[in-house]
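Have a look at this one.
So that you can tell them apart, the chains are marked A, B, C and D in the order they are listed, and the count of residues begins at 1 in each.
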Amino acid sequence: MATLNPEADALIKSEDPFHPANLIPELCRGFYTLGWVTGTGGGICIRVRDKVYIAPSGVQKERILPDHIFVLPYPQPNPHGDRVFLRKPPHNLKESDCTPLFWNAFDQRDAGSCIHTHSQHAVMATLLWKEETFTISHQMIKGVRIAGTGAALSYLDTLEVPIIENTPVERDLKDSMEDTMKRFPNAAAILVRRHGVYVWGTDWQKAKTQAECLDYLFEIGVKMKLAGLPTVLN
Amino acid sequence: MATLNPEADALIKSEDPFHPANLIPELCRGFYTLGWVTGTGGGICIRVRDKVYIAPSGVQKERILPDHIFVLPYPQPNPHGDRVFLRKPPHNLKESDCTPLFWNAFDQRDAGSCIHTHSQHAVMATLLWKEETFTISHQMIKGVRIAGTGAALSYLDTLEVPIIENTPVERDLKDSMEDTMKRFPNAAAILVRRHGVYVWGTDWQKAKTQAECLDYLFEIGVKMKLAGLPTVLN
Amino acid sequence: MATLNPEADALIKSEDPFHPANLIPELCRGFYTLGWVTGTGGGICIRVRDKVYIAPSGVQKERILPDHIFVLPYPQPNPHGDRVFLRKPPHNLKESDCTPLFWNAFDQRDAGSCIHTHSQHAVMATLLWKEETFTISHQMIKGVRIAGTGAALSYLDTLEVPIIENTPVERDLKDSMEDTMKRFPNAAAILVRRHGVYVWGTDWQKAKTQAECLDYLFEIGVKMKLAGLPTVLN
Amino acid sequence: MATLNPEADALIKSEDPFHPANLIPELCRGFYTLGWVTGTGGGICIRVRDKVYIAPSGVQKERILPDHIFVLPYPQPNPHGDRVFLRKPPHNLKESDCTPLFWNAFDQRDAGSCIHTHSQHAVMATLLWKEETFTISHQMIKGVRIAGTGAALSYLDTLEVPIIENTPVERDLKDSMEDTMKRFPNAAAILVRRHGVYVWGTDWQKAKTQAECLDYLFEIGVKMKLAGLPTVLN
């Protein structure tokens, strides 16, 4: 098990604005402006090789500081035991409730970053698409990559985003998210009914741009559905 | 009665960005961006133990300065008499019209902060829910706390926010708000029909994150209602 | 006719952020963010006693500089002759096309500031209220003042905003706006069908907060109308 | 063919905030806020006489730096051969996929700037106007210029924006965009069905203000259509 000593703080101290401990606060401020993480919900984690950087749970996402960031080893030494940390922030903070879900993106897709939003476009999509997947075609889906980490989709493809059912406790989504990622090996994201979405990419830039593309598609899809327009063309 | 002398200004002068006299202006700028306090309506007050910090009435909420902040003792020495101040700003400013309503949150719930918004999502919710309460379930209500200061609600609970009828003068809402808070001891907020909402928490962070959660729920609830979707599941 | 000499520039140079030549650029940036003045449309003028400060026509309203500001004497020495200036900016700029309309607010209501927006809420209100006035009651109209410069309206009053028909050239609205302001002496603003709204107040703060209140009311009124809710209660 | 040498970087280094290499990053940040270029889509190019400044493809448009900007000669020495550059950025960046479409605006309209957005208002307009053009009248269309570079339209004119069908690869739109610009010599922009819009002007200011006017008109047109209001009056 990793020891927590003063040197651990070196893991989150950097002058580089692109260091994960600096990026996560900045990106979360942007997500707050987009309405993705209001009321402490949602967030982003970044993995750089064998280290994962995660924001705390239950805090105002637009006010995170580098000092609030958790660092965990990847993979975890004991996947089914207690979670191991390389660095914990002070103030009795707890790591994000999304941690097991973020781990799915690392384990199942070798992702370098995972974003979770409570975007109302995503939630409305899960309400208006009562079936197992959100589907749309003939829109600007080429910003989305197959499996979230592969080749770009084409305008002529149909994007299919699986929707899993929500549970009261975030970590209880882990197994159904994992199963669904296996059943839909090309899925670039997982929607959670009445809750939000998980999106990932090979690095934070790709995770973020795919999260934006998908949110755009959820938004236009919802508008089309409400206007009586078909969202999939043959 | 508190005397107003030059030392009173020390109550609102601080280098600490988290001092209430600095926080209230900053938070109100954020609320303005969210559309919660346009046209001088709405605001936030913060109570730290025996001192209450309140913004002035009728001013542009995105342009408040620390010098504009009122400080009042809590509890008031003479609850039914003239209001007593520890510090008054210059310029003939008057304390927020919401003061008696904010006091309800302190007296009834031991709150440390109370937020009032004119959010259109809140107002539309009071128009589309013609009954006595706004209700929603199976949404991200876990950011809301029972009574506004207790344990978090669960995804499986039904959130119920009472709606009181508006009056032409803000202070005339005091009694019906107080009665309603007593009749609904678990209520985390009070909606005012055709007017807005009052939300509170044990401190400013919790008041703010709950105000965001509730506004999110009013917004998604209104969207669902207009799309013909049920907002409460059994 | 006023001469234009180097000293004229002193009229628009000030370190005071509340000087009209500094305020107009700042306020227009805010209006741009609100969607009120995109594509060079709309703006604000400020009158301080015998001097009127006006932005140029046809420029990006979020990029105005103090050096772009026109200064005109009030009243004009020759109301029916050529317009007289105390200061003109360089670069062949022309004063705002709204100048004659702003003058109506000074002449008819003794206003100290007038704001013109192309807000989509205002335009949609003029499309959904096909009659001569936009009307709403039992909303937060108490931020609006009778005639735009008098006492505040009450929650129990019905707000009535006259709508005039648009013309291809802005200055051709002058007479119908003036007539309508006389026929509706209590009107706090004039809507222009398929175009936008003119709002005024005794100073820039009151003009701005009333413009925000009215825009809020146009927005909620449009939402109510589209949801089939009555906007005036008896 | 242009050689790429260290001096080429002088083309994108300037202290002047209005230098194209500084303007493009700033303008793209603004477009991101407007929702026009999320997820790396869309952008702006600027032509100053014989030099064209273009942003890279597939990058986050709100994070462009001057160092990322491509400079190309205009006209191209070999229009049907390999594209020639005066300056290429490092990092294996590729010039915007929109380059051939931007070129249409230069060649067909002698434009000094061209903007491409994925605005949802534009996309919804192409879905609700199933015919060959988007049309609207009696709105604030006077900010739009005939052919994008000529005289201003009047309130009494009917604005007509052609809609071309999308293709999976951006460059394959070149010929149909060019044909359509020839068939509609007065068109101020070209909509692309299910994709977005191309807008141009004689310089970046006019391209930007026209893009704002047109986006405003797409937005109000969509709202009117959804509310059952006619968008063209006789």
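The definition used in the following text is that contacts are C-beta pairs under 8 Å (C-beta built on N, C-alpha and C of every residue); 3 or more make two chains touch, one makes a residue touch a chain.
Everything numeric here is computed off the predicted structure, so don't read it as measured data.
Novice: According to the touch definition, list the chains common to the neighbour sets of chain B and chain C.
Specialist: Joint contacts: the list comes back empty.
Novice: For chain A versus chain D, which are copies of one sequence, does the interface use mostly the same residue numbers on each side, meaning over half shared, or is it different?
Specialist: On the two sides of the chain D and chain A interface, the residue numbers are mostly different, under half being shared.
Novice: Can you compute the centre-to-centre distance for chain B and chain D, using the mean CA position of each chain? Integer Å is fine.
Specialist: From the centre of chain B to the centre of chain D is 45 Å.
Novice: State, to the nearest whole Å, the distance from the C-alpha centre of chain C to the C-alpha centre of chain D.
Specialist: Going by mean C-alpha positions, chain C sits 32 Å from chain D.
Novice: Two or more other chains in contact with one residue: find those residues in chain D.
Specialist: Residues: none.
Novice: Which bits of chain D are touching chain C when the two form their complex?
Specialist: For this pair, the touching residues of chain D are 138-140, 142-143, 154-156, 205, 208-210, 212-213, 215-216, 219-220, 223-224, 227, 229.
Novice: Mind listing the chain D positions that touch chain A in their complex?
Specialist: The touching residues are 38-41, 60, 118, 120, 123-124, 127-128, 166-168, 194-196, 226.
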